[in-house]
């Protein structure tokens, strides 16, 4: 189990690195898909099969397809480099480093690695999630459905030719 | 068999998040930048999942569920916007979209 | 906690299962091509392959040899990596689906229960959907990477088409899932054992979902055909307008991989249709123990074969859709139909549980 | 939570009511709502309607509510447990902690009298206005306001608790303001409206505080509950608080009913159309104060000091206003002062403890005073807006019906026997002498005022209708009797002005003051409490004698008026010259307006102008706060603008910087 996790983690980190290092969007997209899938693997190890599959179906299967689709449509090739954002160029690296250090210290401070207490694996079956979703979270659920509807309309309007 | 401590999950999530943030800053292709956002979202999702597992309640997973759904909506709209931008600017370079200043 | 010897045994069993299944699948795929050519030929009053072996039975082997020996062409300006990646991706994913398909009743061997299935996930159905949803990439990337407008169009079309029809596919299945109350394929099949009882009277009608979910089946099958890019929904290839769509530029082994993955997908969806709507391996079982083990497998294979034959039959008869027709069918007809089916089913279940 | 038991009580009450009255609550609603509906219709669509439709809607609304008022009265009187006040809560309107105010109606004999008076007079005046307003602009606006006023007035008299009553109270105030300023293009009219509104505000403030004090003391504002709790008190308990409450509530009444010293708005209110003066500023709204005092009788019964104040103020106002009315030459203003004086009478009646007499006079006064105003309006119509009595005279030949009705009303108000005013005024004067708080001087003052009333009324009659005409030839030919639309209401009101008194035949004539006994159940608790508190009262003059003096005074007043203004018309001028100072004081209404102007208005204006405007507003607010803020914003914005480079990565970098700093801050915290 643990080994599997570390493998997945390594894959995810490397793929993420690739995402931001590649200069061609398609490669970034592909490596992002890899990240997603390895995260799905992590979810599996966390005992959440349903969420893992959802992650693959929706994220990898739908959202990223959309990305790839757009990349093909706009035939986005090798990106052009410009250096207009001084702010980002000078402050970017130190800021990134700073926040990484800060967050990691927080984690190390708050959740010591020795803490091994793990509650009994909870029932993450689709049924359980369904119950929670349609009992306690029914209102947010409805709201999200509305959000999606609006998003669809917005996408259609935005992508229309005469715009 | 050995148990992975919570902190490792969180560390992973943080690393991915920071990578996403870094990508947001260093990349110039708007689609890649957008993907970096997705990357950060996923990092947060991972944190949610880990907490839900270690706190032993399912709500975290539902949060992830909602995040994914919203991310889908966001992707749809965002990509539509990108297409519209491309039509107007004939460019995908994020630094060409600076017509909103001053 | 199983001891190491047990684990070793289980590992062995798993390997054996995988080997057998892959072998069977590959041969099936190979001979499916033969079958297709034969059937289509006969539908069109031709002989079809006849020379290689009796009734051209060795034709698939010859084809395989040809593919292996053929020169592998890489188009100019093509994106090398992705061009390589795409067919492998498709191939792997297509064969990955089979791993969760149960094809027979389990039995015990030296006290070890053995399921006739490589992996019994409790969300097998979702797993299959996840994998098939990834299948889009192979085609889309293939189309994009081979840097030819035919391929690109093929890729775009197919990605659009597959995304569209995945929805209908999923919606169609929901009804069945609600009836079975589980996402595990084996569980769904078990839910279909026995006969339909109407008001306690045994109508000797097998307890298959097809009888209660005909609409779902119709939606599922249509969507499945579109999902596998088969006639009448084979626009990604669309020989007449796109030459051959996304795999125009492909040749030799990589082309073969696309070919095989397509047929493997056919097999998968046929299996799925059998499992979801036609009671899987259920059928009259009798005789000695071995027969009791083999008969279900036989029934299962028979049903799947029926579906495959139907595929080929359609290919032989139906013309291709126009693209807008395809989309409007998917979005404006199948999708609402699937939703309606879900609504009706859930109402029926609720009513049944209430009364 | 005091809510629970109360509701149970109401429930029980409602149940008995349901049993006995068949759906009085429905009738009451049907009585109150039509005017509101009419107002809404006319207010929203009136602009498109023809005059016919508008007046149909308005008069329909008023008529319906009159019909249902009659029905309600009949149903209530027919019911067995009738003297019991009927309360019906329709829904909970306000629910804040202990305070609970329902939208509830309170119907007893007093309400019955009030609703009947109000609706009948209002209906007649609606009819009259059809004719009167024909040639005026804003026809629909007028009727919208009029209907709204009727609705508010009915709310006022039917309310079952002080908050709801206050709604009606303010509502009628609003309508009065709107209608006084009806000709808002005329500055004097607009000013008059404002004056009425502001002056009444003073009283309303008192009312509000009084009600608050009441709630603070008795933890409820329902008439039912409050009166029960007060009646349960032994005499003298809470006297201080109750006196304060009584005085404050009376302050509200003073403002609304134009008593000393807040009467100044009423004469100016005559700027409004005459039907308005008749309905609002003579018959109904201005009497709301009297109704309030009568309704709160039990409070005053436990606060005799406050009640005494009521009586004294009433008496003084009656006298004072009468003296002013003596010399007025403007017909409507004269009537206004007479109204003030008559209202004073009503308060006198309430103040000496004979509330029934006050209400009785309220009713009769509603009829004859509205009649007077309407007749005056008819004259005005004929004289084409002229109101100066010196330019009239001898109109009786041209305006026969108007003259006849005016005469009847004059007789009624002057207290001539067998006309309604006589009976009510006689009861009040009798009460002033032998009532629980009766005192001799109150009686004599009242009697003298009665004499003055008779004088100035007949003076007006003589100057307007009798004698030889002083009308300019220009207006002469225009003289004409008004159309039947206006005369018919006059006649009906004249009828009421005569018979309204017969409901209560005086004791002096071996009558049994039926009206008092009818209202006895309402005022019984107060009466008993007062009688116990003040067992002794003057008796050395018999009712007959009391009535006699009143009659004598009236007769003298009439005699002098006729002598001076018909026979030897030079006397007034001579008197005016002889007592020039007194005359000027009277003609200038004791310079009260000027006095208030100098005492209150001027200082306020000066302070607002010199300090509040120039220093506070311009200096502090405008320059420092407003412009200063603006300049600060633009300066800071100019600096911050550099950040907005329009470059997304740098924005991201900024966000990141924020995150880093925030986390650092958190570290500092821990």
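Every chain is named by a letter (A, B, C and D) in the order it is written, and numbering of its residues begins at 1.
The rule is simple: a contact is a pair of C-beta atoms (placed from the backbone, for glycine too) under 8 Å apart; a residue touches a chain by one contact, two chains touch by 3 or more.
Predicted model, so just to flag it, every value in this text is computed and none were measured.
Peer 1: Taking contacts as defined above, which has more of them, B-D or A-C?
Peer 2: A-C
Peer 1: Taking each chain's centre as its mean C-alpha position, how far apart are chain B and chain D in Å?
Peer 2: Measuring from centre to centre gives 71 Å for this pair.
Peer 1: Hey, how far is the Cα centre of chain B from the one of chain C, in Å?
Peer 2: 34
Peer 1: State, to the nearest whole Å, the distance from the C-alpha centre of chain A to the C-alpha centre of chain C.
Peer 2: One centre to the other, that is 29 Å.
Peer 1: I'd like the Å distance between the centres of chain A and chain B, where a centre is the mean of that chain's Cα atoms.
Peer 2: 5
Peer 1: What are the residue numbers in chain A that touch two or more other chains?
Peer 2: In chain A, 50, 54, 62, 71, 73, 84-85, 88, 92, 96, 99, 103 touch at least two other chains.
Peer 1: Quick check: what residues of chain B touch more than one other chain, meaning two or more?
Peer 2: 21, 25-26, 28, 95, 98
Peer 1: Check each residue of chain C and list the ones that touch at least two other chains.
Peer 2: Residues: none.
Peer 1: Who touches whom among the chains?
Peer 2: All touching pairs, sorted by chain label, are A-B, A-C, A-D, B-D.
Peer 1: With touch defined as at the start, can you tell me which chain A residues reach chain B in the complex?
Peer 2: For this pair, the touching residues of chain A are 1-2, 5-6, 9, 12-13, 16-17, 19-20, 22-23, 25, 28-29, 32, 35-36, 39, 42-43, 45-48, 50-51, 54-55, 58-59, 62-63, 66-67, 70-71, 73-74, 76, 79-82, 84-85, 88, 92, 96, 99-100, 103-104, 107-108, 111-116, 118-124, 128-129, 132-133, 137, 140, 144, 147-148, 150-152, 154-159, 163.
Peer 1: Okay, in this complex, where on chain A does chain D touch?
Peer 2: Residues of chain A touching chain D: 84-88, 91-92, 95-96, 98-99, 102-103, 106.
Peer 1: Using the touch definition from the top, list the residues of chain D that touch chain B in their complex.
Peer 2: Residues 641, 644-649, 652-653, 656.
Peer 1: Give the list of chain C residues in touch with chain A in this complex.
Peer 2: Listed in rising order, the residues are 79, 81-82, 85, 121-123, 126-127, 129-130, 133-134, 136-137, 140-141, 143-144, 152, 155-156, 159-160, 163, 166, 183.
Peer 1: State the interface residues of chain D toward chain A in the complex, per the touch definition above.
Peer 2: Checking each residue of chain D against chain A gives 645, 647-650, 652-654, 656-657, 659-660, 663-664, 667.
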